[in-house]
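Pasting a structure here, questions to come.
A, B, C, D, E and F are the chain letters, set down in written order, and residue numbers restart from 1 in every chain.
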Amino acid sequence: MKSWNKSKPAILMADQLPAILVLAPLFGAMIIGLAGTKDHKICFPITLASLLVTLVVAVAAAHQVFEHGPIDYFVGGWKEPIGIGIHLHIDSLNVLLLCAIAVVAVLVSFFSIRRIGDKNTEKTPHFYTLYLLLCVGLFGITIAGDAFNLFVLIEVSSLTSYGLIAMGSSKRGAFAAFNYVLMGTVGASFYLLGVGYLYLKTGTLNMVNIRDILSTQPEIAASRAVSIAFLFILVGIWIKMAFFPLYGWLPNAYSYCPSSSACLLAPLMTKVSVYVMIRVMVSVFGLEWVFASPGWSNLVVWLAVIAIVAGSVLAMAQREIKKMLCYLIVAEVGYMVGGAWLADEGLWGLTGALYHILADAAMTLCLFLAAGIFAKRFGAKKITELEGLFKEAPWTAVGFVVGALAMIGVPPTCGFFSKFYLIRGGIDAGHWEYVVALLLSSLINAVLFFRIFEIAYFGNKPAEGHAHAHDDEPAETALPSSEIPTWTGVFPLLVTAAIIILLGIFNGEIVAMIRVVLEDLPNLASRL
Amino acid sequence: MIFAFDIVILVFLVIAAIISLSVKDLLSASMIFGIYGFLICLLWAEMGAVDVAFTEASVGAGISAVLLVATVYNTKRKSSD
Amino acid sequence: MENSVSSLLPVWACLASLLAVPLIVLFRKEIFLRELTTFVAGFVKLGLVVAMVPIILDGKVITTTLVAGVSGINVPIVFRVDGLGMIFAIVASFLWILTSLYAVGYMRGLKEHSQTRFFAFFALSLSATLGVAFAGNLLTLYLFYEMLSLSTYPLVTHHQDREARGGGRTYLSYLLGTSIAFAIPAILFTYLQSGGDLSFAGPAILAGSDMGYLTGAVLLMAFVFGFSKAGLMPFHSWLPGAMVAPTPVSALLHAVAVVKVGVFCVIRVVTGVFGLDLLGKLGANLVLCWVAAFTVILSSLIALSQDNLKRRLAFSTIGQLSYIVLGVALLHEMSVKGSVLHIAAHAVSKITLFFCAGAIFVATGKKYISQMAGLGKRMPFTMGAFFLGSLGVIGLPPSIGLISKFHLVVGAADAGQIALMVVFLISTFLNALYFLPISYQAFFPAKDAPGELAATQFSWSEIKEAPPACVIPLCITATLTIGLFFAPTLFLDLADLFVSSVK
Amino acid sequence: MIVTIISVIFILLGLLFFLGAAVGLIRFPDFYTRTHAAGKGDTLSSLLVILGFAVYQLKDFHGFSHDWPILLVILKLLAVSLFIFLTSPSSTHALMDAGWEDKVEPEIGKGRPNHLNDDCGKF
Amino acid sequence: MLSKVFATIAVVITGGILLYGVSDFPGFGDPHSPANAGVPGQASISQYFITESYGDTKVPNIVTSVLADYRGYDTMFETVVIFAAGMAIFAILRVVGDDSERKPRRKQESSFTNGDHSRIIIGTTCRLLVPVIQLFALYVIAHGHHSPGGGFQGGVILAASFIIIALAENLNSALKRLSETNYLKIACIGILIYAGFGVMCQVLESDFLDYGVLQPILMTDGPEMARSHSMLGVEIGVAFTVTAIMFAIYANLSSRGLLRDGL
Amino acid sequence: MTFDHFSVGVGLALLILMLPAMWRMTIGPTALDRIVAVNVIGTKTAVLLVVIGVIFHRVEMFVDFALAYALLNFTGSLAAARFLHKTKTNKALLEEKGGTES
């Protein structure tokens, strides 16, 4: 088959959406690398421009998906037989995540103005290059329709995130990044091993193809190697998403890195990994294969329960805001993994997990932005140092409160609705332990955040001179507030807060979008 | 017959890996890691994965050992465990 | 099957105080305008509520849909006013005006800080209260319930000192904690069980569903403990803790709004979610009955041992709330009616008592009962009102308390629960035991009492009545306690309407 | 056939030297002697082996016109041996030099005066 | 000590599971294994590559055509991985501007050793070899179509030649040949070349990296040769990035980001 | 016995001859001994690649690897030697400095 002989209609921009999604930030990064070292001022506009392009493209893709169905893109035109080339795929499962990534990236880029280097602004272009490359990786992961391509892009995102985490000037940050490198490499290797095993049994790397083979060839689907492939892929992704026993790298990595890196990584990395897990479950192995034996499902849900409880309890023990938020991420990952594995008949758990990916991205971004602002403007890193800061920075306080309420799960915010769907799935599936864990974690969140509110709201002493009170060299010192334009932090924060509420109000529409792809799954209810 | 190669190379590979992990002197460890690269390259070549073997040859011989030595040079030479 | 009228009145009634919030904040420098706003909003609100009374008495139900269906859940946010909601709304909005008057006096008298915040959140919590009163389904009820918890938190922690923060912490952790841990799952379970219907209109939500005794009992207790504002016993300790709040807050919120919202929710759950038939069939109500009975007795005993007046009042409130819960749990027509009436009766009399406690604090700075001997001669109006309020709470004639208690006791007897009837009677005796001695000592102090008082720093002779803004409201409520005994028609009619609708 | 025999002889000779180098690597007493054995022996023997294989390639060679790729291969093999010939001794030298600088004690000639600790920088 | 025990247990378990799966594999080199012959009822990818790739691309080395054309998207991102690694190391290590807080720990060395003889021997060898190595690297890059090799391997070898310069003389003389600003630019240009080929295809109204449509620009005999030529171009892009980044990593790593007095 | 068998034998012999180097690498009293052993194994690898090429009858392909090894194999030992030189000079520098200060 010679692909270039096929008569194509005049190609519209619309057909090229998946490619543009990864190419725009890639070109942005390269241009910054070429020209940014000379003139640092052009870095931010280029970043913003390329991210805005991706935002537009993501929205256009969403429109396309919901109007005309999934987008399939075959790189290099290698379409037939399926699997020789690389297949990019956008459907309702991932298009919302694409929009979320684009939005988060745009918002955090504002926050990162003048915040990156602290001491060494010379590294500004490198920061933005890594930033854009991370976006490339995340977009690429999300649209990948090929198991190996997914691995390559996981590597892109991991390597850039190592760099972003270690960019601060603190030793602890570098050490945390090193831990992350070790764990991340192990995770990526596990994933690769799994893909290798899968390839040996199926002879293809294309997700659609693998799924076809596994559903039509029962002897292959039943083979040990495929099960082990699944196990390794799963464990690899779990390491990447910091699922419970494998979360060790996350708290330090996200709390000792520069604020703007944390704001970009915390909302996106783990969520995208969760998406990868769901994609692997839904599109590569197929849910009926994954849930064939209930024992595994029960085991994973129990692990998720432990993750939720442990994350919440460990969060209670923290004194630093960011660390606390990091442990909350661990708990939230437990929500999503548990939800995805509930195996209830209506797939409400999976729906909830997918919705929670979006919701949690927004909530985490909101809280990390607020924590970043507190750290930057007031040097407040420990919870006790927040005293009286709600009065000093009322808008930041508004954003923080909205994020916290969403985390607790107060109704108009998205956090409530994601929990609603997850609990619904839990009840349907009869996993009461999961329901109890969710509620317990909400309770602990309430305790945690109201403790912070109390300190920040009632403390009379305005925070000053907190910055020096650390034993180690601080990752970032408080700059005189005149140096940072306040809006760069507050604007993205308030937008995020608004998104949290909008996500909650329009949750029905969003869930309807998410369920488009789940409805298409072959008659799941009868098999489970 | 080429199977014999397999066995010998794999055994050597294990030996090289264990030695490079157990040696306390990091300079030696990084050089022994070079041997690991050689053997892997041989393994690929012997299995017919020539492109991979070539990559391993160029990286293993040209770059990786030097980078490791450069790193050891800027840190401690003795391993602590 | 029921006459429903669509009207925006409940929405405006709810909004009246909500719209006052920005105005209050706006006028934070103009104290007079600020307080005027509060009063105007209060009267507007009362007017709107009263305007609905004829419609309700006509046997109709007012329904307003605010949001057609919350996205994703497909449950509308609906206001639905029936007899029960009406009683509660009247009581709350009327007492708000009095409390505002009282609060002005109290706050000025003590020169409190952050008064703007105080009045703003006060208005906000009233909106939430009316929202609960008018809630047409479980979701709406829950939303306003949580809104009330959050909007009263700044009021509870008004003093901002260590004690206030501790109290606030207990307050929020109990209220939010139980609602997250018990109420949400219970609501979700109901939602799934009923196939997405949470409305109070028509027959009870779960009336048709088949569930076992255990499921029913667990679900009922999850609801009751989830709405822990009702103060049932293992989850009651937020109430004494919240007494660190300024007295107007304690008065309105912890005698009327917050705690009554709790029992209101319990009544809604028993009548609207389960339905009397289903519960009677399952027999699950007995669990609730005994928990409530236990709470009644134990809280009365604890109240006896308290020396701090406000704490004694708080434990008394816990007991009285359990009367209401117990009445509903008996499932008898008479006792349910008694419960509904007791919402009004207890509100009027207990707020009098709280007003008195506050007035005493404003005038003398005293908090402890043992220091109040002989106070009746210095503060005759206050202590007189206190006596009348005590009568109302104990349920002695001539007070509205007698009517509600009569219904409760007769209902218990009719339902065949003699043991529970005895509980009512014992508790009434205990009530008398911990309230009447206060009044008695105030007017007829023992001989050695003044000596003890002399040890305090205040000069005994300087004590006068509290400022008129404090005294007038408490006189009005005391009068009401007695007056309603003679003219209870309105409340009786509304309660009848409600009882007949759930029967 | 002759080509094969010649190449086999070369290769066997190379293996013999390899064996010698290996024995030397194990048996010699100190670093310098071991380096000597390894450096000299390996270089020569690898040269011989590769030369052997290069010669072996000639067996398919029948004329320039269409067998020239074989000549290219032979050329490459010769280049391999040439580069081994260049690099191996110089790396041996570098190591030896480093050992000298690092003051590794020679075993042989303990009785003789040791110049190692004189002034090593003045060569 | 305990952690070592746990690590051992983890390793043993992981290895055990992997071996357990291996027992299920098709035999080594089995022509009927799924990877080689495909699954019944499905087109075999390997067979397609073996039979069709020369016709599609006119490149004898199947591996190269798979890497640079069929799966060119992957290869582009592998190059990006390398670029990102370089950037990350740069972002972590490089000390820009005022480096007074990091005192130069080692004296500037102008030669390999103190002794002249070593400098002569090593220096001469390297001077002889470096051009050969560079030539060889170019050969590897260009010859990737016909034998193993290509942009990545060639780039590594090219970088190694610069590293040898740095080792034989010192870092500065290597940096004189490939300075910091240059290697950063070269790395970016390499990826831009690669992505540029893809985007050019898009401009000519085809899919990303569909080299066939470049025929009018490259003026080749047919789309197959256009693919072949584009692959060469792409390999050159890879080589640019790999060379620059590998050398950059060495330079930063060996001198603690100071770019002077390195190893 | 064909030449292929002979080549396999040569390959195995070369592999076996790596053993002494391995042994040296394991026990080698100094780091330098180990590096020498590494060097030896590197050279043998280059030769072995040619042997494998002969066995596969694709010498023209495998000779490229051997060439790469031949050209690059000495970078490792060069770096190690340089390392030892530098640390030694460094030590000397430090001692010198310490001497002048005291």
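The rule we apply is simple: a residue touches a chain if its C-beta (ideal position, glycine included) is under 8 Å from a C-beta of that chain, and two chains touch if they have at least 3 such contacts.
All values derive from a computational prediction rather than experimental measurement.
Chains that touch both chain B and chain E are the following: F.
By number of C-beta pairs in contact, B-F leads when A-C and B-F are compared. Ranked by separation of Cα centres from chain A, the top chain is D. Separating the centre of chain C from that of chain F, both taken as means of CA atoms, is a distance of 88 Å. If you average the Cα atoms of chain B and of chain D, the two centres end up 21 Å apart.
Averaged Cα coordinates give chain C a centre that lies 75 Å from the centre of chain E. Chain D and chain E have Cα centroids separated by 30 Å.
In chain E, the residues that reach two or more other chains under the touch definition are 112-114, 122, 129, 132, 140, 148-149, 153, 157, 160, 163, 167, 263. Counting only residues that touch two or more partner chains, chain F has 35, 60-61, 64-65, 67-68, 71-73, 75, 77-80, 82-86. Among the residues of chain B, those touching two or more other chains are numbered 50, 53-54, 57-58, 61-62, 66, 69-70, 73. Remark: the chains found to touch one another pair up as A-C, A-E, B-E, B-F, D-E, D-F, E-F.
Across the interface of their complex, chain A is touched by residues 69-74, 142-143, 146, 150, 157, 160, 165, 168-169, 172-173, 176-177, 180-181, 184-185, 188-189, 192 of chain C.
By the touch rule above, chain A contacts chain C in their complex via residues 408-411, 417, 420-421, 423-424, 427-428, 435, 439-440, 442-443, 446-447, 450-451, 454, 458, 505-511.
Every residue of chain A that touches chain E in the complex is listed here, in rising order: 1-4, 8, 10-11, 16, 19, 23, 26-27, 30-31, 33-34, 37, 73-78, 81-86, 120, 122-123, 126-127, 129-130, 133, 136, 140, 146, 148-149, 152-153, 155-156, 159-160, 162-164, 166-167, 174, 177, 193, 197, 199-204, 209, 212-213, 216-217, 220, 223-225, 227-229, 231-232. Residues 47, 50-51, 53-55, 57-59, 61-63, 66-67, 69-71, 73-74, 81 of chain B are the ones touching chain E in the complex.
Interface residues of chain F, counted against chain B in their complex, comprise 5, 8, 11-12, 15-16, 18, 22, 25-26, 28, 31, 34-35, 38, 41-42, 45, 48-49, 52, 55-56, 61-62, 64-65, 68-69, 72-73, 75-77, 79-80, 83-84, 86-87.
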